[in-house]
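Following: one structure in structure tokens, then a few remarks.
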Amino acid sequence: MIKVGVVGGTGYTGVELLRLLAGHPGAELTVITSRSEAGKPVAELFPNLRGSVDLAFSVPDSDALSACDLVFFATPNGTAMTMVPELLAAGVRVVDLAADFRLQQAEQWQHWYGMEHACPDFLEEAVYGMPEVNRAAVAQARLIANPGCYPTAVQLGFLPLLEAGLVDTDQLIADAKSGVSGAGRKAATGTLLCEASENFKAYAVPGHRHLPEIRQGLARATGKPVGLTFVPHLTPMIRGIHATLYARLLDSGRDLQALFEARYRDEPFVDVLPAGAHPETRSVRGANHCRIAIHRPQQGNTVVVLSVIDNLVKGAAGQALHNMNIMFGLPEETGLTSIALLP
Amino acid sequence: MIKVGVVGGTGYTGVELLRLLAGHPGAELTVITSRSEAGKPVAELFPNLRGSVDLAFSVPDSDALSACDLVFFATPNGTAMTMVPELLAAGVRVVDLAADFRLQQAEQWQHWYGMEHACPDFLEEAVYGMPEVNRAAVAQARLIANPGCYPTAVQLGFLPLLEAGLVDTDQLIADAKSGVSGAGRKAATGTLLCEASENFKAYAVPGHRHLPEIRQGLARATGKPVGLTFVPHLTPMIRGIHATLYARLLDSGRDLQALFEARYRDEPFVDVLPAGAHPETRSVRGANHCRIAIHRPQQGNTVVVLSVIDNLVKGAAGQALHNMNIMFGLPEETGLTSIALLP
Amino acid sequence: MIKVGVVGGTGYTGVELLRLLAGHPGAELTVITSRSEAGKPVAELFPNLRGSVDLAFSVPDSDALSACDLVFFATPNGTAMTMVPELLAAGVRVVDLAADFRLQQAEQWQHWYGMEHACPDFLEEAVYGMPEVNRAAVAQARLIANPGCYPTAVQLGFLPLLEAGLVDTDQLIADAKSGVSGAGRKAATGTLLCEASENFKAYAVPGHRHLPEIRQGLARATGKPVGLTFVPHLTPMIRGIHATLYARLLDSGRDLQALFEARYRDEPFVDVLPAGAHPETRSVRGANHCRIAIHRPQQGNTVVVLSVIDNLVKGAAGQALHNMNIMFGLPEETGLTSIALLP
Amino acid sequence: MIKVGVVGGTGYTGVELLRLLAGHPGAELTVITSRSEAGKPVAELFPNLRGSVDLAFSVPDSDALSACDLVFFATPNGTAMTMVPELLAAGVRVVDLAADFRLQQAEQWQHWYGMEHACPDFLEEAVYGMPEVNRAAVAQARLIANPGCYPTAVQLGFLPLLEAGLVDTDQLIADAKSGVSGAGRKAATGTLLCEASENFKAYAVPGHRHLPEIRQGLARATGKPVGLTFVPHLTPMIRGIHATLYARLLDSGRDLQALFEARYRDEPFVDVLPAGAHPETRSVRGANHCRIAIHRPQQGNTVVVLSVIDNLVKGAAGQALHNMNIMFGLPEETGLTSIALLP
């Protein structure tokens, strides 16, 4: 039984992690911290957990956390980096669901996140926890940087094309649409139901924090920098990301459907749909799958990839548990077999 | 392993039944029928089931169904009654998720459902499958009439009061609100997103089919006919029923909170919230629980009970599986432990 | 041209007031105040007003407000009462869209609103601005207490029954459902899209601030105190209130449809639907109408009234403009003729 | 007073046309036809029109329509073309809101719409009713092809760039998102609330009927064929289109903001937002505006244009009335001044 701690469980990533952990047969949640809610039973804040999670939130405490085999950070950006060195020193393994360890260059991190990095020396050690790319490294890692939600959907959609060198990497376009839960549970005017429902808009077109993360991942796949235009949009729904990806084909003779199917044949959580399909975000609601379809409209030289995930599962808590399973040698699908809720 | 057949799996009750059966360790889905979709893989119609359900729909076939231990009917009203006698004769047990066997009086059924009953002789044998009331009979039953969605939420909320004789049963009011999935997956103008979202309305105020079913259940609890006003409303969401129940207290001295807690102490799927709480439908989304709170505003003589369920789970497919578990002697929570999806 | 000022225009009541004023041919908006947004063009905060409202928010200023013929307060509760005496003394007429002057008893106000009333002497003078009840007094008033949203829908639905003495006023039930805009534009966790969409719940069952306001209005109609149970619910949509009202008929011989039609025959903004109808909130979205239907299910002794309004229009800004039209002798429908947006 | 007839008023385009016509001071609706609803008062089908539209639907009748000055067709594709020649011969002017006269090549029309064109000789005469491009021709036209919703949003966003020759027209990308009302009021499974809410998906990626219409319009602007990838998506809301447009800049030295502002300076219904803005679909809900913002992320060579409209107004009924105003010499904004409903 893996002894698990969660730091910061009051947001949407946190409650989703708790939901999944409660149903995981090989993990035991032993501590969950929150300064603001210390003392309150978790199930009081999240009534869906009544009867499933009996713990109360507690003040972060080094001893309790150090007694864990694995600690998940479901905190705002900038928190994990202040606690990770001590935990690693105590022999605890860490999965950070925030962005603290996602970028390898400290200066770049500081530029996009607007604060100095508290432990830049750990950036190199941190493993970017995308199992489809880094499985072996994840298995050995002490410190996992769990990927962002947009970066997961976009990279999984682009990777086969880039790894095979089939597209012009100077002109990649990722038009991504996210449900509102991606913005978190923090009280804010812009994500009120009255502002965000019956409405659609792009945001952060000049530059979103997930841009450097995606560029870094795509550059790793191609071996050189890529030119990427990334436009995120807020969609009036709770869960789901739909990435619509555009690239110019250099070689129009390849069977792209076969390429994607081969690339993801052994991946338990990437599902390549039949040719001609249009994946729906609801087909992964609550599930850890990424579903992908590939199109070449009018047989032209533009390839269109459609990639959907649940931002809170494959884009956050589910991918984190997948990483945990790999780190501790469990079958990868353990605790992640639940089926998407439809309708 | 219980060999299970499903007749009519193309609606929302059907897909929910398939989702739950796919995760049930003691049941094996062997046949699923649909005339209109025969030959099509189930996962093509419901992409959430890709990788979990490999069957294709087939034309209804007596032999295949007769080889099952249990057949669920997830068909429109009026279908099960034409097939049930033959299946029972073949030794198959049946759970009907439609209304064919819910009312004990054939004439009443005919009045409300607008057609003659095909096998009125079986109405008496049929067991109304609400485990919280009929557990022992369910265990022995060959034929289960699975309760309607509104009747489940309303009866569970009223029962403790009526069984204890605490309220005026001539003036009961059930103001119920349902998500749109209660209307099914049939193409219809009234349930289009553009008609039903950003909108709220009552419907069927002069008389809804669930009215006689609720009255019958409440009369069973009190031993005499009850006066009930039942007003259903369509709510702009997919899943969930919220019943707001009003009754006039005859005895204002009783501790209603304690009464409800005692009544449901041993029920795995009825959760009485702490005093003062307001249950949310999302706290049971995808889960088989009914959550209930009891209020007595301004300490007056009107008791207000709030009762929420997921209409497709506790109000349909989940309750059907609960009945199956009881019928076949499995632990009651088998396959029904998944936690509500929040947010 | 009526010179109009608006104090506090940054909430939903405010922006709706601005939308309606911008289309009103007899009113000229001359000042709109907001401490927090002072200096910002109104159309920057509310982009729907681009091209229609050129003003910027300004710091509240006595001189500018005193130069108005009429000042609307679209402020949180407790603000208007601190400024009204001075404005009235300067000869300005006032419509308060908040609750400061709605209750006639200062102690009751203090009990429900949790603060001392700043000018209790004005409570008696204030006219409760429901034109269907107080038209003549509104015309003469210096100070209007614009009714709350729930109280508008509930009172208009109950009034004909109470005025005619047809129902048991000890056992009135108002089960009301509101869109989320009723909670305002303030950042708050509970009204985030991810909390309030795909969800339905009751709230404030032990006691809501609109309860004493409704009771006061109903008592005025009957000449004696009434017994009312009022349960508000939060509905996953932006605009609209649906009140479902229940009362026990004392005299079952009256033609209720005719009674309601007669009562509201000359009212421009109350629409009694044909017998058997079910009003939809979207039929009044953006419009100043209240639409009402009357039912007597199964010809029993319980009457059910269905009453819908747009909480931001008839329940707030539209009713405020209606009052302005009456106060200044304009045709009552001036500026209020726009048709509900459907779908 | 323009005598107006409407053929086919039972869909969403129809009800929106009726809403706008009811508020238009220079038009008088004299006949509205529907075979399926003949005899039924319009306000019975669309309760928002109670009190505003007193007509009933009637069977299409040549005499009644021939007595009109202008007939709008709000019919499915393929209907207008069977009636237009006779109406024009009778001296009636026509605005077709469907697609019958949008493509200039009959063969192309037949390819995309799957039926033979009934009057191909009229395709050349028909004026594509986009005032921002064809104002002078609209004024003289007998027959207007009212643009499609996607084509309106996409063309208005691309036109300034193409007219100025600033972008590579071989690699245009239009990623468009539409509310569900674009799919019409027809009963269909795919647009049920339970299918389309809490969900996001692309559709028709291999080829959508609006593709040739957009290409034709863009080719007109550049004088040569363009290469366009067009991906439409279904968004869980009722109204609104958001087009996100991508093009490669050939000349990165131009001030794009100034270019757009100059191009649309005199257009009453195109609003170029300040630099850096992100238009929201709700800012045009119910209004006839197109709001546009221009971005050049990270100062690269990809220009991103964001363009929003209400698909039922600027994308259908509002643009049709705008055309009517121009055809009959009225001020262009007549009847189109209402402000978007927000929230």
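Letters A, B, C and D mark the chains as written, and numbering starts fresh at 1 in each.
The definition used in the following text is that a residue touches a chain if its C-beta (ideal position, glycine included) is under 8 Å from a C-beta of that chain, and two chains touch if they have at least 3 such contacts.
Because the structure is a prediction, the values reported are computed rather than measured.
Shared contact partners of chain A and chain B comprise C, D. Counted by C-beta pairs in contact, the busier of C-D and B-D is C-D. Centroid analysis (C-alpha atoms only) places D farthest from chain B. Chain centres here are Cα means. That of chain A falls 39 Å from that of chain D.
Rounded to whole angstrom, the centroid-to-centroid distance between chain C and chain D, based on C-alpha atoms, equals 37 Å. Our note on geometry: chain B versus chain D, Cα centroid distance of 45 Å, whole angstroms. Along chain D, residues 12, 181, 185, 194-195, 197-198, 236-239, 279-280, 282, 285, 343 each make contact with two or more other chains.
Interface of chain C with chain A (complex): residues 12, 180-181, 185-189, 191-198, 236-238.
Partner chain B is touched in their complex by these residues of chain C: 171, 173, 175, 177, 179, 194-195, 197-203, 205-207, 227, 229-231, 233, 235-240, 242, 244, 246, 248, 276, 278-282, 285, 295, 297-298, 300, 302, 304, 306, 308, 343.
Against chain B, the residues of chain A that register as touching in their complex are 12, 15, 19, 22-23, 46-52, 181, 185, 198, 238-239, 271, 273, 279-280, 282-287, 289, 291, 337-343.
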